[in-house]
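Chain lettering (A, B and C) follows the sequence in which the chains are written, and residue indices restart at 1 in each chain.
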């Protein structure tokens, strides 16, 4: 069994569980309206839930039994989507995702220019560190440049972080 | 008829050096605002309103209209170059625009977007000038039932977004519909799926999901291959400019996009995002090269870009002729006009002709300026792709964060975006199309609200959807669109059953 | 390859943590790329870190430090009180750009700036979501910060009563009530209902017969205003058909398209259509008649229903604002409400000046709270 098939099977089951959860929540978590309603707030979620369960069940069937002839014909007609290589550089992706989460975490705490500069440098260090001086300058210009452009030209407030102490 | 007098009056107002400069500043600022993610035309205008205080009313609206058009256009730039939609109305442009860029055809894609915007903008202005009030009066026929039918017809677009498996596309649409139910339900005030999180009460921001699913997942895909294909750049192949072939294919797409966009977004008032989706679906049905759509067909850029600009122009008609804003952006412009001391509405044409005609004239001028400004910029934008891949990836991350944060000043949105980036990556691995999720999100909420509003109006009778002619027409359109691929089977079945009589 | 990345990653994390905990501005971390911690940031892992804020992770911006010298107050600037103000001011608009709260926040900001009433920079920050709840939660993380203001209107009370808000607004520091608007009942120009009397009679006969539109969910202002009126007239608000629209524009489209019988909206939003005579205003919720285009529109009171409904908007300080700052703002806002910039803006936005100082505003809020509590209990929005 190829990886591809296995992944699809796992995904289809996960989606089925997700759909069932969504459907069940429509019964238990949506409150009663206080005003007059023809269709209550839970009607659409329930309908969508049923649709989702049916479709993910079809997906489960498809992933365990293979595509129907009709779909194969359709696929041949449309042309397969661009296939992703199954190779994953787990380390790089993992580190970058971790960096993104940290970036989100420090975005307001450290302020925009500093956190952005850190994110930029960290990204550069992870991905390619052959032009560090050049990249450091680019990083400085971008992070601080954008901050000032937004704050003073567009008057969109970005978090200044510790820089606010200098009145920036 | 003093139509030409009016137009002359208008150009007399618009072609003062001051107003020309303002129109230019407007489209220039607008383009920048459009390119910057997060700050859409709405926020852009809201933030720049104070600048307009010192200006004449006509000059002020000229500036604002320029920003509006510029931003509508500028949003497509990042969609095409880095798969990160700048505005909700440019999500569709990602589908084929980015694929074109990947094939080294970013230049023609950007050019097609600029020209499409120009054509559609000019068309909408013409309509405003010739039959604005009549169009506006017709628009009032779109009540909740018509809205529902329109959204329902819009959902049929999903078949054109499907890849290999229809089941996956439909499933993906329902996920989008499910996401759309998050937040306070407008019709009852009851919170749904909010997990007592105050930031979820307003629902998930559409661009948070779109940027995650498209831009960040693209980054992840590229990161996966980073070590294998270090320093690869997206190469530019062929000319920067549209070829003869491109023109031949684009012109019908411009036409269809402009007309459908004007109807859906302008007359029916369904907004530019819906308009762009519908025009894409229409391309999938009508264009000669429909099989190429989704893999970098120029029609996939030309039509939606024309459509969203036609919709923006249509929204201006609502604003000026009815005094009713047809979009968030025009709502803010209405506020600004009131502050200036003008009352948009049916009386505006009578009371302030120099204002209205000056604006119309400047809309032509603005559109031309937009074109003049942006075509030379194509060469510059394309250079962005020359940046080494690793830097480009980092830039896209920074860019996405900035855009998503400035929308709501919310850190939670940033985490959500990263989450959707990961989900988007897995969807691509699994061959599940992400576009229908966005479609479901765009249409889901509007459709549900319209349906429940309609049923309140009719006291629960479903007949309201088929007894009103426009609604019925739209529903029939939807049915035809769904069943269309199967008609040939009916024919085959007919011949099998009644083979002889059919042959005879 | 991998181990180096891990080191770098750890270094990055370290810098982040160090800087995030630092109580004072640790300056820009030096952009060195050497794989060892920079000296500048290392010793600042201060023990004070977690103590600053129990609710949230510590933010370096928070703890206000009155060390910087107060700027000299000149000209129109009100006298400083205990060194206040000496920092940039942030006004929170608890909704997106362009809405009512945002417009008010920006108008206040502009008036303060143009009239040189605030000697330091001022900014408006939009905290969008939860009907204002996100903004409220935000200002509650700024307790005792004298440089945080926020604007609100009746949803502050409504959303507290229906438990949308997690924080108790009563902890905010009311500084001034600034403006007010009223609700108006609109019908299409060719509607059979010519007066409030016609409409109320029809509703009395069958409360569900005439559908009405508003631009917010049931249980918010557009709906409650009519519910209040209906109750007074002996009509059961629960039996009436209220249809919620996303914004005033789509509500008006539905009204003009004949899809709903009448609409409840703010006077400000109604004026363009009333002036163009595409709609007719049947009654306004103020105690006395309004001027301008609305001068011929009777009040609900005049038409025989003793009900008024006010959509006030006011400005608050963060919870636990110091007495000095409160006093300073009391004076400054009073001054601001008399300036030309402010008055001109109100004119243009068709807002009604309703200035009241902090204490009377606080009292007014208590009355509003009681009145909404009764109204919302009666209409079933509080159980």
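The rule we apply is simple: a residue touches a chain if its C-beta (ideal position, glycine included) is under 8 Å from a C-beta of that chain, and two chains touch if they have at least 3 such contacts.
Here the structure is a predicted model, which is why all the values come from computation and not from measurement.
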{"item": "Taking each chain's C-alpha mean as its centre, the one farthest from chain A", "value": "C"}
{"item": "Which of A-B and B-C has more C-beta pairs touching across its chains", "value": "A-B"}
{"item": "Centroid distance [mean C-alpha coordinates] between chain C and chain B, Å", "value": "31"}
{"item": "Computed distance of Cα centres, chain B from chain A, in Å", "value": "21"}
{"item": "Multi-partner residues of chain C (at least 2 other chains)", "value": "125, 208, 218-219, 241, 381"}
{"item": "Chain A: positions in contact with at least two other chains", "value": "33-35, 92, 105, 108, 155, 157"}
{"item": "Multi-partner residues of chain B (at least 2 other chains)", "value": "43, 47, 185, 187-189, 191, 409, 456, 459"}
{"item": "Residue numbers on chain B that touch chain A, as the complex places them", "value": "33, 39, 43-44, 47, 162-168, 170-171, 174-175, 177-178, 181, 185, 187-193, 216, 219-221, 223-228, 230-231, 291, 294-295, 388, 390-391, 393-395, 397-398, 401-402, 405-406, 409, 411, 414-415, 418, 421-422, 426, 428-433, 444, 448, 451-452, 455-456, 459-460"}
{"item": "Partner chain B, residues of chain A touching it in the complex", "value": "7-8, 11, 15, 19, 22, 25, 29-35, 37-42, 44-45, 48-49, 51-52, 55-56, 58-59, 62, 67, 71, 74-75, 77-82, 84-89, 92-93, 96-97, 100-101, 103-105, 107-108, 112, 116, 119-120, 123-124, 127-128, 135, 138, 142-143, 146, 150, 154-158"}
{"item": "Residues of chain C defined as touching chain A within the complex", "value": "2, 5, 8-9, 12-13, 15-16, 19-20, 22, 24-29, 31, 33, 57, 59-61, 88, 90, 121, 123-125, 208, 218-219, 223, 238-242, 379-381"}
{"item": "For the chain B and chain C complex, residues of the former touching the latter", "value": "42-43, 45-47, 50, 139-144, 184-189, 191, 196, 198-202, 269, 318, 322-326, 328, 331-332, 334-335, 338-341, 343-347, 407-410, 449, 453, 456-457, 459"}
{"item": "In the complex, chain C residues that touch chain B", "value": "96-98, 102-103, 106, 110, 125-131, 133-134, 137, 162, 164-166, 208, 211, 217-220, 241, 243-250, 252-254, 256-260, 271-273, 275-276, 278, 345, 348-350, 381"}
